[in-house]
Amino acid sequence: MPLLDLLLEAGNLKKLPRTGWLLRGVPNPESIADHSYRVALITLFLADELREKDIEIDVERALKIALIHDLAEARVTDIPLSAQYYLDKGKAEKKAAMELFIKTPNPREYFRLWREYEEGLSREGRLVKFADKLEMLIQACEYERAGFSNLDEFWKTLDYLHESEFYGHFKELIEGLVKRRKGK
Amino acid sequence: MPLLDLLLEAGNLKKLPRTGWLLRGVPNPESIADHSYRVALITLFLADELREKDIEIDVERALKIALIHDLAEARVTDIPLSAQYYLDKGKAEKKAAMELFIKTPNPREYFRLWREYEEGLSREGRLVKFADKLEMLIQACEYERAGFSNLDEFWKTLDYLHESEFYGHFKELIEGLVKRRKGK
Amino acid sequence: MPLLDLLLEAGNLKKLPRTGWLLRGVPNPESIADHSYRVALITLFLADELREKDIEIDVERALKIALIHDLAEARVTDIPLSAQYYLDKGKAEKKAAMELFIKTPNPREYFRLWREYEEGLSREGRLVKFADKLEMLIQACEYERAGFSNLDEFWKTLDYLHESEFYGHFKELIEGLVKRRKGK
Amino acid sequence: MPLLDLLLEAGNLKKLPRTGWLLRGVPNPESIADHSYRVALITLFLADELREKDIEIDVERALKIALIHDLAEARVTDIPLSAQYYLDKGKAEKKAAMELFIKTPNPREYFRLWREYEEGLSREGRLVKFADKLEMLIQACEYERAGFSNLDEFWKTLDYLHESEFYGHFKELIEGLVKRRKGK
Amino acid sequence: MPLLDLLLEAGNLKKLPRTGWLLRGVPNPESIADHSYRVALITLFLADELREKDIEIDVERALKIALIHDLAEARVTDIPLSAQYYLDKGKAEKKAAMELFIKTPNPREYFRLWREYEEGLSREGRLVKFADKLEMLIQACEYERAGFSNLDEFWKTLDYLHESEFYGHFKELIEGLVKRRKGK
Amino acid sequence: MPLLDLLLEAGNLKKLPRTGWLLRGVPNPESIADHSYRVALITLFLADELREKDIEIDVERALKIALIHDLAEARVTDIPLSAQYYLDKGKAEKKAAMELFIKTPNPREYFRLWREYEEGLSREGRLVKFADKLEMLIQACEYERAGFSNLDEFWKTLDYLHESEFYGHFKELIEGLVKRRKGK
């Protein structure tokens, strides 16, 4: 029963911590699944807003990408930046993704969607990447409000958001986040 | 910035434990967001399979429902069964859901979707409920494999799955799960 | 064996986190039992001081109230403020308390004591409520000293203490706490 | 403000784990305060039952003893059996208790109560010791039901309960506990 | 101050969990540093025994190897087996080790020692590898005694121990471990 | 199999928290084994530097001392300062150390090494004590960078380092640490 195997493996995402927070001293930080959940939620609401501004966006496609974009980490784990210098994370996740998707009803479609995210091949893929970065910053903001420090490095990701094709549409949201951070 | 507020509140789902496991002695159990993530993933793959069997299913709709079905718990928390006897959880979540959805671009649509889940008004809503129960059983199976006991009660949910309109389509999956449990 | 059942259920209070801290990002915060323990201890010492000032106080009564005032949360859990807006916590705890007390040797007496706390019907009941609020502020002070922030909201409870009939007697204690907080 | 100091020190009991469970591999076990809370609760209900059987018992006295019996551990911590062979725990707790009680309104009374527990000088002191042992066994039963093993050693404490002057009164309760354990 | 940087980075080993246990559902498992500590301790005692049997062994060398054998994981993290299929862990750790050792007083010596472990180039290197496997099995035995299951896979490592040049010397120790496991 | 017993007991060092951090509100702080690991690592690198400055140092001896200096805590646990006022920790650890070392191949040698640390009888013993204090300060620095406060008291240990015979050799390292702390 390959699908059951896949769903059990996806359970790893609940157990595995996001290592970036862990290495900066946050005890019991969020899991990869915690993160993926809010990425999908953000993707949903941002897609809604884009549609209202008459930007064409395939919401189903975007949500699928959001849900599977970190699935390979069920095998590869959340390799932190300090390790990516030594490991070809992209290649590893690509291979792991392929082998995981074989257990789904439509391996090819999922691998295509995964590449849209990884390589930015579609607007939907790029939107999920935008949501992925945004989610991390919202989490950084929450940890800082709770009292954790040493998270400045994460905020460099703002540059990525500023240069994104979506920035204009979500400027208010991102500026709101920055303001909250300063207001702490 | 209402959407930012909503996304920050959704962060509660990462912090709040699923109380059913907690009360049975699982230390640091999964969060509500952990659960919601896999519910959405299951919904995705089951919807795929239904489509292949020519069952009409709106995947976008189903995924939206999966992502928001527990959102009200960001305010209401995961009220366990022992408390539901004393509290009108349904009513509370309904009101909280409404107030949360006001912060989204399309409050009415989301509330409509939420009701489809809660009241089983659409095939998509019922599919997410099926996925919600299935996710819980997969998690119970994982905890039991890890050594936790005292989880028999959860398996009564199998009855719900057996009686569902979807059971025929996913019989193999569910029987596979039961077999794994016994094989432990 | 109803009393054994009750004692086992009381074990839930050790497992359930105080959700107020959890939602503000304190990892692994105190349990409800942790809180209840210090409430009882505070009640004991405050009652002593009142007696020395010739204020009549029934210490046995006060301690009993302190020990059972959160017992209903063994079933209802610690419903946070964000949820109380949607749920009738008071009604739920009342019903749960009644059903739990049936398992004790003196259900009526315990329910009477519980109401003294909940409705402020006796000096002893009001003293425990005073101790309950004070305990929360001492805990907030400890978390802040440890580095957690985002807890300002809790300090609004000072108003309650200021207006209490007991404030005059414990002014020094409360001012001492506020001074410690500022001294951090 | 000595009383405030004492209450802050009592906060240590919430942070310190009960080392017996920790050393047998229970992750994040109960705190000393968790334990003390249920000891006090058990004392309360057992005292009620004794009274109904016309056994004279001073409930106020018993509850005071229950609340302070482990207070010295706020300084001394929960020294496990493996350490007691090398350390004079009794002497240490006695001295620490004395120094802590100086911060209360009635140091002598509290020290007297503490000795009633430690040396079994009064029926109330012995009842709290009975409750202390019983609480530990109820917790062992809960951990075993949750799946933890390696706790057989704790059950030797049954011998203490069997030989106690209170055994006859609470035979049903203790036999009920043993039955539950076997029924797991 | 390169050495200070190195010592701070080594702090990561205290924060990073051993992922093998994590993925099998052990909550809050040991850290990499926890593991490394006992590996060094085992190395020490096994080296002693070898010396008594007139096997030449350089204890200083062996201990140095034990202390640095997992140092590269401070950057690379504990890549689990499921990931090693996709990632060249060996190559990554080699490069990370080299770059970390540059911060020590004797980079070349440390890299040489590291290779002795990794490639089995010296008796001391092979002894540490033996100790590394043995440590894992002792930990597996402890987790199983505590109630965790699902750890059978780890015991395949017994084969490695059986085939080792050191097996004859530590047969009693290993058989003792296996007996304890069965006796659970 | 006495050595196996010893290695299993050493596993306690992985489970037992360093109580100093715990009492100041750090959730899930490092274990004793975590600490011991980095003490040994620091000892290794400091010994290297001493050798380069032509200070005679027996590295094997120093590493052995580092690895066993806290072994007695496997039985005695990490007695915090607040408890040492009431307990003769030194005497307890001495006796426990002796009884543990009987399980090793060379009890006398290990007890001799342990005394070199405890009583500062050799340069190697004093170096490990220096490393032990330094390790604690590096950890304090890490916790402070992560956001924890209330750790000023630990920094008094700087005085010990300043007065040590090794201070001149590692002045730069210690000043670097102090600078990092201020730079936070």
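So that you can tell them apart, the chains are marked A, B, C, D, E and F in the order they are listed, and the count of residues begins at 1 in each.
Convention: a contact is a pair of C-beta atoms (placed from the backbone, for glycine too) under 8 Å apart; a residue touches a chain by one contact, two chains touch by 3 or more.
Which protein is which chain? UniProt says A, B, C, D, E, F = 5'-deoxynucleotidase.
None of the values given here were measured: they were computed from a predicted structure.
> More contacting C-beta pairs: A-E or A-C?
A-E
> Which chain's centre, taken as the mean of its Cα atoms, is farthest from the centre of chain E (5'-deoxynucleotidase)?
Chain centre farthest from chain E (5'-deoxynucleotidase)'s centre: C.
> Among the chains here, which has the CA centroid at the largest distance from chain A (5'-deoxynucleotidase)'s centroid?
Result for max centroid distance from chain A (5'-deoxynucleotidase) is chain D.
> If you fit chain C (5'-deoxynucleotidase) onto chain D (5'-deoxynucleotidase) using only Cα atoms, how far does it have to rotate, to the nearest 5°?
To map chain C (5'-deoxynucleotidase) onto chain D (5'-deoxynucleotidase), rotate by about 180 degrees.
> I'd like to verify one number: the distance from the centre of chain D (5'-deoxynucleotidase) to the centre of chain F (5'-deoxynucleotidase), where each centre is the average of its C-alpha atoms, in whole angstrom.
Computed from C-alpha means, the inter-chain centre distance equals 33 Å.
> Whole-Å distance, chain E (5'-deoxynucleotidase) centre to chain F (5'-deoxynucleotidase) centre, using C-alpha means?
Taking the average C-alpha coordinate of chain E (5'-deoxynucleotidase) and of chain F (5'-deoxynucleotidase), the gap between them is 21 Å.
> With chain centres defined as C-alpha means, what is the inter-centre distance between chain C (5'-deoxynucleotidase) and chain F (5'-deoxynucleotidase) in Å?
41
> When you check chain F (5'-deoxynucleotidase) against every other chain, which residues touch at least two of them?
Answer for chain F (5'-deoxynucleotidase), listing residues that touch two or more other chains: 25-28, 142, 147-148.
> Mind listing each pair of touching chains for me?
A-B, A-C, A-E, A-F, B-C, B-D, B-E, C-D, C-F, D-E, D-F, E-F
> For a test of understanding, state which residues of chain B (5'-deoxynucleotidase) touch chain E (5'-deoxynucleotidase) in their complex under the given definition.
By the definition above, chain B (5'-deoxynucleotidase) touches chain E (5'-deoxynucleotidase) via 26-28, 142-143, 145-148, 184.
> Given the complex with chain D (5'-deoxynucleotidase), which residues does chain F (5'-deoxynucleotidase) contribute to the contact?
So the residues of chain F (5'-deoxynucleotidase) touching chain D (5'-deoxynucleotidase) come out as 12, 15-17, 19, 22-23, 25, 28, 75-77, 79-80, 82-83, 85-89, 91-93, 95-96.
> Touching chain F (5'-deoxynucleotidase) in the complex: which residues of chain A (5'-deoxynucleotidase)?
Spelled out, the residues of chain A (5'-deoxynucleotidase) in touch with chain F (5'-deoxynucleotidase) are 24-28, 147-150.
> Which bits of chain A (5'-deoxynucleotidase) are touching chain B (5'-deoxynucleotidase) when the two form their complex?
1, 3-4, 6-8, 10-11, 13-14, 28, 30-31, 33-34, 36-38, 40-42, 44-45, 48-49, 52, 59-60, 63-64, 67-68, 71, 104-106, 138-139, 141-142, 172-173, 176-177, 180
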